[in-house]
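In the two complexes below, subunit A is the common chain; its partner is subunit B in one and subunit C in the other.
Right, the complex of A and B next:
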C-alpha cells in the first residue's frame, strides 16, 4: 500500500518521512498520552492511582494464599479477640474468624464483582446508547420506552427478589443480576452524545459513501466519543463497589460463607459488635471509603483530561 | 403543555400494567408457599391442599393475576401471612413513617444545598467554589450505607445523642411529646441523608446561576445600578429556583430506594424495613404490594419532575 502510494507521488521518500513526522508532531496527542501526562502533573492523583493498583494486586495475590473454607471455620476459643491478641493482627469476629484474612478475601470478592459489573453493564449500556442515538426514529422511541420502564423499577427491591428466587447463586450469577439493572445511566449519557454526534459532517459523509451502519456506529462514532466512555466507566466503577457491598450488607448479596466487605460491615448490625467490638466492622467500612474516594478521584482526573480547557498537564 | 402531560400519562399506563404482571410472576416464582410458616407442621397434607385450593393457588397464573388485579381495584391487597392483618392497613401504618422521613430529608437537603449552590456560583472558580465541589464529590462517592453505619455508631452509640432504633419512644405520652419523640427519631437519619445527598441540587443550581450571571437581564439590572445583593436575591435566584424545584420529584424517588438501607440501619419501622422482613418470611402478598407501590411512586416522582421541567423549559416538551 505504502509502496504503491510512493510510486505515484512526486515527493521523495525522505521528504515523505519528514512531512509525516511533522504532521505527527502537530497532531493532538492520543487520549492515553493526555491522560498519562495529566496524572504526571497531578501528584495526589498519581498517589491515588498507585494506591488502587497496588491494593488490587495485593488482595488478588494475598488471597491466593488464604484457604477460605478453613478461614471461615468457627473457632469459639478466639471469640471476638481484640486486635493484636491470639495471633490476630486485626482481631477476630464473633465466630473467632480472623478479620484481617476476611478483609483480604472480601476485598477481592467485592472488587472482582465490581469490575465484572462495570465491564458487563458498561458494554451493554454503551451499545444501547449508540444504537438508540444513531438510529433515532422508531427504534429510538422503542428503546427509550424500555429505558423508562427500567428506570421505574425499584432497583434494590427487584435485585433482592431475584436473589431470593434463584436458589444456588454465586458471584457470577450475582454479577449478572446486578448488570440487568445498572446499565441505564451509561446508556442515557452515551445516547445524548451520540444524538449530537450523528448530526456531524463525518457521519453524513460516511453514509453517502455507503459505509454500513454497523461500521459507522462502532468505527466512526465510538472512537469519537471514547473519552466520554473512559470517564463514565471509571466513575461507574467507583459506584459499583457500593452496589454489591450494599446488598451484601442487607444480607442479599454474597452468601454468608463467602466474605465480602459488605458482610463484614453487616457485623455492625449486632448491637454488641457495634458498641464493643469495633474491629469487626470498622476496618471494612474505612476500606470501602478509601477505595471509593481514590477510584473516583482518578475518575475526576480522567474527566478533566477529556476536557481540553481544564487540563493541568498539557497546555492546550 | 397539556398535551405533554397527557401523553406522559398515557405512556405510564402500559408501564404500570407490565410492572404489575412482572411483580406478580416474580412473587409466584418465590420458593415456599404462604402457609408454610403459619400452620402446624404436623397438619394433614390433604388439609393443606384444601387450603391452597380454597385460596385459588392452583389456578393458572393468568386467572390468579386477574383475581389479584380485581382485588387490587377494590383496595384489597390480601392478607399478610406473617402479621395476619390486611396488607393495606399494614403498609398504611408503615408508609407514614417512611414518607415523614423522606419529606424531612428532602426539605433539609434543599436547606443545605441551595445556599451552597448559590455561594459556589457567586464565587465561581475561587476557593469556596473548589471547597464546595470537593465536598459534594466526597459525599457523593462514598456508599451511603457506610455513612449510615458510621453515623449511628458515632452519634447513636458512642456519643449517645440520638436514639438508634424505632420511630417513637415507648414512654412518650400522646400529643406534643409523641410528635417530639418522632421528630427526635428521624433527626439523625434525616440530617445524614441531607448532608450526603446535596450533590445533584448543588451542581445543577451552580450551573444554572453561572448561566444566569452572564445573561442579558442580569447585565441590564447591573447597568441600571441594582445592588449586587439584590441581583442575586431577586433576579438570578428566582429564575434558577424553578428548575431546582423539579428535582424534588427525582430526589424523593432516590430517597425511597435508599429507605431500605436507612430503615435497616436505624431499625426504623417504615416500608423499607417491612420489605426486608417480609422477604425473610416469604410474605409475598406484602412483597408484591411494596414493589408495586415503590414502582408507582417512582413513576409519579419522575412525572412530577417532568411536568415541572416542561413548564419551566419549553425545549423539552414533547412535540
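Right, the complex of A and C next:
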C-alpha cells in the first residue's frame, strides 16, 4: 500500500509538517471553544455559571473552617435570634444554632450528595441504555426486564425502608441508596436514542473498519447523543438536589446532626417559623431556587453549543 | 479461482405474529443467489428498490447475518464470524455507503474518520498515519485543509469522496459500493465515478457495484447481474445485458433508461409503452406461480437467464437465428 500511495500521490513525508500546519489553520474550533463563545453570547447564562462556580467553591472551602459538632450544639440563650443580633448574620434557629453556618455546611452536604448521585446514577443509566440499545435482541430484552422490575418498586417507600434498616447511615450510604433507584429514567431515554443511532450508516462503517463493539458504543455513538446526555445530566442534577432535600424535609434524609438544605427547609414545618421566624427557612429555599435555575441556564447553553443550528455565539 | 464466490446465498427475515409472537413466515430478502467476483473487475448488481441488492452487498461485507449459503474468500466461508476474524476480512473487503452524510460520524474529524480502518488493521506511528491520510485525501482530490474539519462542512460529492478514501485506506481487494452516487446530482456523479475508476486502475481493486441506474452501471461494470425479488433473473457481460436482454424484467429496466434525444421523444415513449405492454401480457410466462423468478439457465458461456426450460430453448434458438 505504501509504495502504491507514494507512486500515485504527490504528497511525501517532506510535506507533512507544512501541510499539517496548513490544516491546523483551517481547523474547525474545538468544542470547548464553541461552548465558551456560546457563554459569552448569553449574559444570563454567564452570570449563572459564575454563580454556580463561586458558590460551590465558597461552600466547599468555607465549610472546612466550620466545626460542625460545635455548630450543632443547642444554645438556648440564642433561641430564634433575629438576623444581625448576637453576632448571627442570618439569625439562629429554635436550637440557637447559626443559620448562616448551617447553610454553608448544609449546602455542601446537599450539593455533594447531588453531585455524587448524578455521577453514579447517570453513568450507570447511560451505560445501561447504550449497551441495551446497541446490542438489541436478547441482551436488550433481558436488560429491559430488569429495568421494568426496578420501575415497579415504589421508590420513595423503598428508600425510607432502607434508611430505617441501615444503622448509622451517612451522606455516602445515602447517596448509594439513592443511586439504586435514580438511573432508570436516564437509561430509557438513552436506550431509545441509541436504538435509532445504531441503525445509522456510520455505525456500519465503523464495523466494517474493524472497530470493536465497545469502542463503537463509547467512541462513536456516545459523542453523537452527547447533547441529550448533557441536558439529561444537568436536569437530573437540579432534580437530585431536590431529591435529598425532599427526603430530609420528610425526616428520612440525612440524620438530624448533619445539616442539609432539606433539614433547614424542614424548619418551615412549624407554623410559627413560617409566620414569625422566616430567617430559619427562607435562605435555604431561595438558595435552592437560584441554584436550580442557574444549573438549567448552564445546561441550555451547553445543549445549544452541541447543536450547530441553535447556536447564538459567533463561531471563532 | 475467483476472488469471491457466492453460493446459494439466502437472507430471510422472520415475521412474528400472533399471541405468542412466534415466527409465522419470513421475508425472503435474498433467496438463493450465486455469482462470482473476479479480481480487478467491477461487478454490477442491478435491480429495483427492495430487490435485495443492498442486503446482498451487506452480507458480502459481513454486516448482515446470512440464513444459509456460503460466501467463499481465500477458501474460507466468511459468513462465519470466526472466519472473518481470522482472515482480517474487512482489511481486504470494505464498503462505500449510499448516504455519504450518515456514513461519516458527524462528531469526528476527517482525519479520524479516514484513519479509523488504519488504526484497527495497520498499526502505524502518528506521523506515518497522518501522511497516509493526507495522501489518500490527495488521491480523491481534496486539500490538506480537510484534515481537521467535520463532515457537515463538505458538499455531497466531497463527502462521498471522503467515503471512498476511507474505503481505500487499507488497500482492500474488494469494495462493496452500495449505490455510491444515487444521492448525488449528475455532474458530481460523474466526478465520483471517475475517481472510483481511477482508484481501481491504480490499486487493482474489484468493485461490487450496486445500483438501480443502468446508465451508471454501463459506464462502470464489465459483468452485470440483474436482481428481482431476491433472485437473479439475468447474468451476463455488459454486451449480453445491453444488447441481447432475454428476460422481460431486464428489457423493462433497459426501457426505463431516460433518453436525452428530444426529437425522437414520441418514438421512445411508444417503445416504453410497448415493452410495458409485453411485460403485462407475458409476465406469468417468465415467473413461476408464486411470482418469483425461475432458476438460471445458461444461454451462452457468459450469459444466463432465469427462464423455464422450454422458453429458454425457444429463445436460445431465436437468438441463434438472429445471429
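The rule is simple: the second predicted complex is superposed on the first by the 283 of 316 C-alpha atoms of A that agree within 3 Å, B and C clash if a C-alpha of one lies under 4 Å from a C-alpha of the other, contacts with A are read in each partner's own complex, and residues count from 1 in each chain.
As a convention for this text, a residue touches a chain if its C-beta (ideal position, glycine included) is under 8 Å from a C-beta of that chain, and two chains touch if they have at least 3 such contacts.
Just so we're clear, the structure is a prediction, and the values are computed from it rather than from any experiment.
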Quick check on the superposed pair: does A:200 touch subunit B, subunit C, both, or neither? Answer first, second, both or neither. second
For A:155, using the defined touch cut-off, is the partner it touches subunit B, subunit C, both, or neither? Pick first, second, both or neither. first
According to the stated criteria, A:220 is in contact with first (subunit B), second (subunit C), both, or neither; which is it? second
I'd like to know which partner A:22 touches here: subunit B for first, subunit C for second, both or neither. second
Looking at A:208, would you say it contacts subunit B, subunit C, both, or neither? Reply first, second, both or neither. second
Does subunit B (first) or subunit C (second) touch A:239, or do both, or does neither? first
Per the touch rule above, subunit A residues touching subunit C in the complex are 1-2, 4-13, 15-16, 19-20, 22-28, 200-202, 204-211, 220, 223-224, 226, 308
Could you please specify the touching residues of subunit C with respect to subunit A in the complex? 58, 61-63, 88, 90-91, 93-95, 97-99, 102-109, 116-117, 120-122, 127, 130-132, 134-136, 138-139, 144-150, 152-153, 163, 166, 170-171, 202-203
Any idea which subunit B residues touch subunit A in the complex? 11, 15, 18-19, 26-27, 29-31, 137-138, 140-146, 149-150, 152-153, 157, 164, 256-257, 260-261, 264, 275-276, 279, 287, 290-291, 294-295, 298-299, 302
Subunit A to subunit B touching residues, read off their complex: 145, 148-149, 151-158, 160-162, 164-165, 167, 238-239, 241-242, 245-246, 249-252, 265, 268-269, 271, 274-275, 278, 281-282, 285, 288-289, 292-293, 295-296, 300
